[in-house]
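Some structures are shown below for you to check.
The two complexes that follow have chain A in common; it is paired with chain B in the first and with chain C in the second.
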Partner chain A sequence: MKKRNMSIGFAVPAFVIYTILLVVPILMAFYFSLNKWNGFNPMQFIGIENYINVFKDARLGNAVVNTTVISVVVVIAVNVLGLFLAMLVNTASAKSNIFRTVFFIPFVLSTVAISFVWKSILSYNGVLNGILISLGQSDLIGNWLGKQGPAIICIILVEIWRTLGYHMMLYLAALQTVPHELYEACTVDGGNRWNKFRNVTLPLIIPGMSVSFLMSIINELRMYDVVKIMTDGGPGYDTETIVYNIVSQGFSNSMVGYSSAISVVLFLAIGAISIFIVTMMNKKEVEM
Partner chain B sequence: MKGKNRVVSIIQTIFLIVLALIVVLPIYIAVSNTFKLSDIILDQPLSLPIPPTIQNIVSVLKSPNTNMIEMYKNSIILMVAGTLLTVVVSSMAAYYLARIKSKLSGFLRIYFLIGIMVPYVIVYLPLCILLRNLSIPFGVPILIFVFVSGNISFATFMYTNYIHSLPIELEEAAEIDGASKFQVFWQILFPLLRPCTTTIAIFVGLGIWNDFQTPLLLGQVKTITVGIYTAVGPYSANWGVVFAYVFFAAMPVIVVYLLAQKNFVNGLTAGALKG
Partner chain C sequence: MKKRRALIALALSVCVIASSLMGCGKKADTGSTSDSGKTKITFGVFETDNITSEVWQNMIDSFQKDHPDIEVEKVLATGDDRQAFWKTMLSSGSFPDVVIEAEQLATMDGIFTEVPQDVQDLFEDSTLCQYNGKCITVPSFKQYKMQCYYNKSVFSELNLQEPTTWDEFMNVCQTIKDAGKTPLMCGGTGDIWATGEPFWIAEGDTALLAKYPDFNKDLKDGSNKWNNDTTIDVLSKWQDMINKGYYYDGAMSLSYSQAAEEFQKGTAAMMVDGSWAAAGFDAEKNEDFGVFAVPTMDGSKLTVADCSYWGVSETCENKDAAFQFIKYVFDENPDVYKEYLQSDGLYSTTKNAVTYEQGAVTTKFIDNIKDSETVQEIVKLPGENAAPSGMQSFMDKSFQNIFNGADVKTEVEGWDTEYQRLLDAQ
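Up next is the complex of A and B:
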């Protein structure tokens, strides 16, 4: 008994910091979301009205569409390309090592720094248009970040560029758990490259794949930095993401209650998606 | 058959080289143009900086709204203190979670795990209001604890799994010899956790160094990232100066990454793989 009392002391510092600075604010957000409040005037309890508005808000709707489009494209691209790259560099040569090192660099840099670099390239008075002009192709120059469509495509490309190496590394770690004997057995049975991939590699990397999918989805749903710096949500609200919208409603427009309601919905959505992916992948693992 | 494999292998290598060039090109543009005058950047963005000029770097260092030393100081204090504190409190908590079997420790394990799923944006506004009501000033000290609170979930989870994989006999033997729990933890167990600590320190330290949203929204604390953002402003197009700022933010990370590449990759992927 004495032993146990002494041990709980080890968990107390972490418990206190975590509870006060993370758990309490989350509970506060749940509470704020049921009120109309600008952060200063007295709070006014309005029940689920904020949540009803969440589903009627056209500006937020646009942010949800943007976030969904960005997420779907980036998640598919980095997972397909990431696996493909991982298979190409899954050899123990110096050449592979160099490629791995290079592909991973963007992921260690701060998103602020790389967003500024990409902004300098893609801006109207930026490097890309400068190159086009100096090549005599001035009719090809475009306002890449100034219109919704091209700007979203730019954001997608930057996100793929930034996270591809990370997902390659996740797949590489998964590939290295596949025992060599299985490939040999497949060759003996007359299997070709595709058979090996479909019947040996794929089933065995399902756990790694679910991690990679989950990380990319969560990453993209939380997207903020790149948009904040490259387009600042503009033009207008055209390139806002969900997190950008939450910050803007909460901090710039002082709609504490409403922005809390959006973040609670996002929290629950991410939780649901995570649980869905983990259970789905577990099932697949058993089937295969 | 041999010949066909060779062709495939050459195509693969060409593909990898092209992709590597795409990955490196923006970094090359940023670094080489840091040392060029702004007016030739747009004309010759891809040329080498010959002769190199340090005018952009100088103008950043002399700029009245930039205190590069203060920015570095804040970022380094946050990174070092935040990482150390995360390592200390999380490893201690994990010791309890991994070695004590009770309802309370089972509950705490789940309690600490919830934080992994939280989109951190939910926290900023309530946290600002909480700090305001408690009259705690925004600044580096409280930000250290905020970063720790955000990393406890991940670090505790990693440590708990790692301690599980270690045999308990060593700790028991030390206790029989009369060592206190505190001594057992710090003198016997903690040194054994070193691989795990390296992973966590890189993940947490790099995360803090590169974080933008947290210092921006919690009091605009002038870290490297926020400092650059406020100094450049969202609409500047003086690219030479922008590149010089980026250079200051990214150079330390690139150098450390190239020196301790393996640890970086482990640190940033192991967390995901075990989670």
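Up next is the complex of A and C:
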């Protein structure tokens, strides 16, 4: 009994912090979402009207499409490339530590700082176009951040570059849990490289893969800072993401109630996707 | 021993919670008195290349020297969306006591306190405005917008004169284009306003206000719409200019600062910009650039000038000190007001007009509009008929869409929808 009380005592601090910093704001956002509120004057209860408007908002629909495109491409790229790099680094010598550091550095740096750096590289009179001109390739210079297609591709590439190292490290950690004897057994059984990857590596790194997928999806669905600094959602609304839309509706448009409704929907969407991924990966783990 | 360890761990956990929650209070402790026992007020400002940190600090230092019992703490707004920044401060309970550019926030009830009559009396009656029948802001300056700056050497090389009609302006653009040069520069990424807002203010606001003098009121009572022939005509002609290649190819990948820098380097021959650019040229004694009023499409003689406003927060604990600060800046020490105005090419709004020695470009800028009637920018009109917060940002994004080829009519239909949505929501 005494031991049980002690355990509860240790859990209380975490519970209090979690409740105050996470549960309470979520409940508050839900309450705000049922009101018409500009963030300052008294709220006016309007029931689910904000939620109805969420599903009729074309600008938000555009932000959902942009976020989905960015998320799908970045999630696939960072997981495939992250696993590939992790396997290279894992099999290389101790000197490969330098590569781990190099790949991981972008994730450690401030997102705001790297977004400014990339913005200056990609602007029309920036480094990239300067290099192309100096190489005599003036025909290739581009309006990278000023046109819809190139702008969203630039956002995707910067996001991949920024997060790749983190996912490489997640996969590396997972790879290092795979017992070497299993590879030897596979070799004895006549297995080639693909057999080793398919029948040894993949089944044993599924838990790490789940974490990597989940983290990348959550990160991309919450994307804001890179877009805000590099393009400010532009040109027009062409690179606007869901979170950028939430901030704009809440603070630029003084529609805190409505932006809270979008936040609640996004929260539920991320929750549902997370549960789906975890369930699917658990199933795969059992199957493999 | 085990029990002791557990107690230490528990105590450390409590410390972690306490330190984590220290920043969670509703209001940052700005305090009504400083450590030295002085009355303290906070002053929310933003800085630009012209209105620098030094301008604000000189203002504060000068006031504190003459009013040693009051301490002023500067609160700097960061980012390009200053209204959003102040709203964030408002939501977090850290809103400064005195705020510049208060006109948008003043449309929300209860943010600013009523201005005492003796403070109102300092300003020109025509510049004062009311919200719900109360004067809650003071006009800090008048700023003229937008004219066309040009590279004198390009004009001289191509034997061009400053255009005085829309057709002449188009001829100038075409001549520059035919000579293999870029006629116009604008900004884009990161500074969304810099794409279409300068042109819209020079042509759209003037055309609409020439035809519908009470456009803001008409919009609000539903008797007029953004989607009208004048708006469509102005934006179609602008898109036509873009399609003809009058604008710099990479403009949308440049911030405002980069665009201004490229213009000064000679990448484009002209740039539509505000009076602050004239102040910038004068500060550098740069006489390589001239300026002309962008000829209006309908030939009307209107020019846009905005008044900017300061407000004192309703929650300010030292309102007397805050208004004392305002009286000091706008009345007691003309040198302070003069430095503020001169830094950005601004004009006084006080009954005792404060003037300053203008440089060549600013003098020309003012000379260009001496016969024009001054009107207020539509989306920045203060008072009862103010446009809803967020409309400016929406239009700026729409200008970018039009720049990139979107259908003008569809875009402008969206303006009416968004205007009504914002109005209903706020």
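Here, the second predicted complex is superposed on the first by the 261 of 288 C-alpha atoms of A that agree within 3 Å, B and C clash if a C-alpha of one lies under 4 Å from a C-alpha of the other, contacts with A are read in each partner's own complex, and residues count from 1 in each chain.
Note that in this section a contact is a pair of C-beta atoms (placed from the backbone, for glycine too) under 8 Å apart; a residue touches a chain by one contact, two chains touch by 3 or more.
Just so it is clear, the model here is predicted, and its values are computed rather than measured.
Of the partners chain B and chain C, which touch A:Lys147 in the superposed model: first, second, both, neither?
The second partner, chain C, only.
So, A:Ile156: does it touch chain B (first), chain C (second), both, or neither?
neither
By the touch definition at the top of the document, which applies to A:Val64: first (chain B), second (chain C), both, or neither?
neither
So, A:Val73: does it touch chain B (first), chain C (second), both, or neither?
A:Val73 contacts neither chain B nor chain C.
Touching A:Met209 in the superposition: chain B (first), chain C (second), both, neither?
Neither partner.
Have a look at where A:Trp118 lands relative to chain B and chain C in the superposition and call it first, second, both or neither.
It touches chain B, and chain C stays clear.
Mind working out whether A:Lys36 is in touch with chain B, chain C, both or neither, as first, second, both or neither?
The answer is second: A:Lys36 touches chain C but not chain B.
Name the contact category of A:Gly236: first (chain B only), second (chain C only), both, or neither.
In the superposed model, A:Gly236 contacts chain C only, not chain B.
After superposition on the shared chain, which partner residues are touched by A:Cys186: those of chain B (first), chain C (second), both, or neither?
So A:Cys186 meets neither chain B nor chain C here.
Mind sorting out which residues of chain A both chain B and chain C touch, each in its own complex?
6, 10, 13, 17, 20-21, 39, 119, 123, 125-126, 129, 229, 232, 247, 251, 256
Given the complex with chain A, which residues does chain B contribute to the contact?
12-13, 15-16, 19-20, 22-24, 26-27, 29-30, 33, 41-46, 88-90, 92-93, 95-97, 99-100, 102, 104-105, 108, 111-112, 114-115, 117-127, 129-130, 145-146, 148-150, 152-153, 156, 181, 185, 206, 209-210, 212-213, 217, 224-225, 228-229, 232, 234, 237, 239, 242-243, 245-246, 249-250, 253-254, 257-258, 261, 264-265, 268-269, 272-273, 275
So in the complex, the part of chain C that touches chain A is made up of which residues?
Interface residues on chain C, with respect to chain A: 6, 9-10, 13-14, 16-17, 20-21, 24, 80-81, 83-84, 87-88, 90-91, 108-111, 188-192, 195, 249-255, 258, 262, 388-390, 393, 397-398, 400-401, 403-404, 406, 422, 425-426.
For a test of understanding, state which residues of chain A touch chain C in their complex under the given definition.
Chain A residues touching chain C: 6, 9-10, 12-13, 16-17, 20-21, 36, 38-41, 119, 122-126, 129, 141, 143-148, 151, 229-237, 247-248, 251-256, 258.
Inside the complex, what are the residues of chain A that reach chain B?
Interface residues on the chain A side: 3-4, 6-8, 10-11, 13-15, 17-18, 20-26, 28-29, 32, 39, 85, 88-89, 95, 99-114, 116-121, 123, 125-127, 129-131, 133-134, 161, 164-166, 169-170, 173-174, 208, 211-212, 215, 218, 221-222, 224-225, 228-229, 232, 243, 246-247, 250-251, 256, 259-260, 263-264, 266-267, 270-271, 274.
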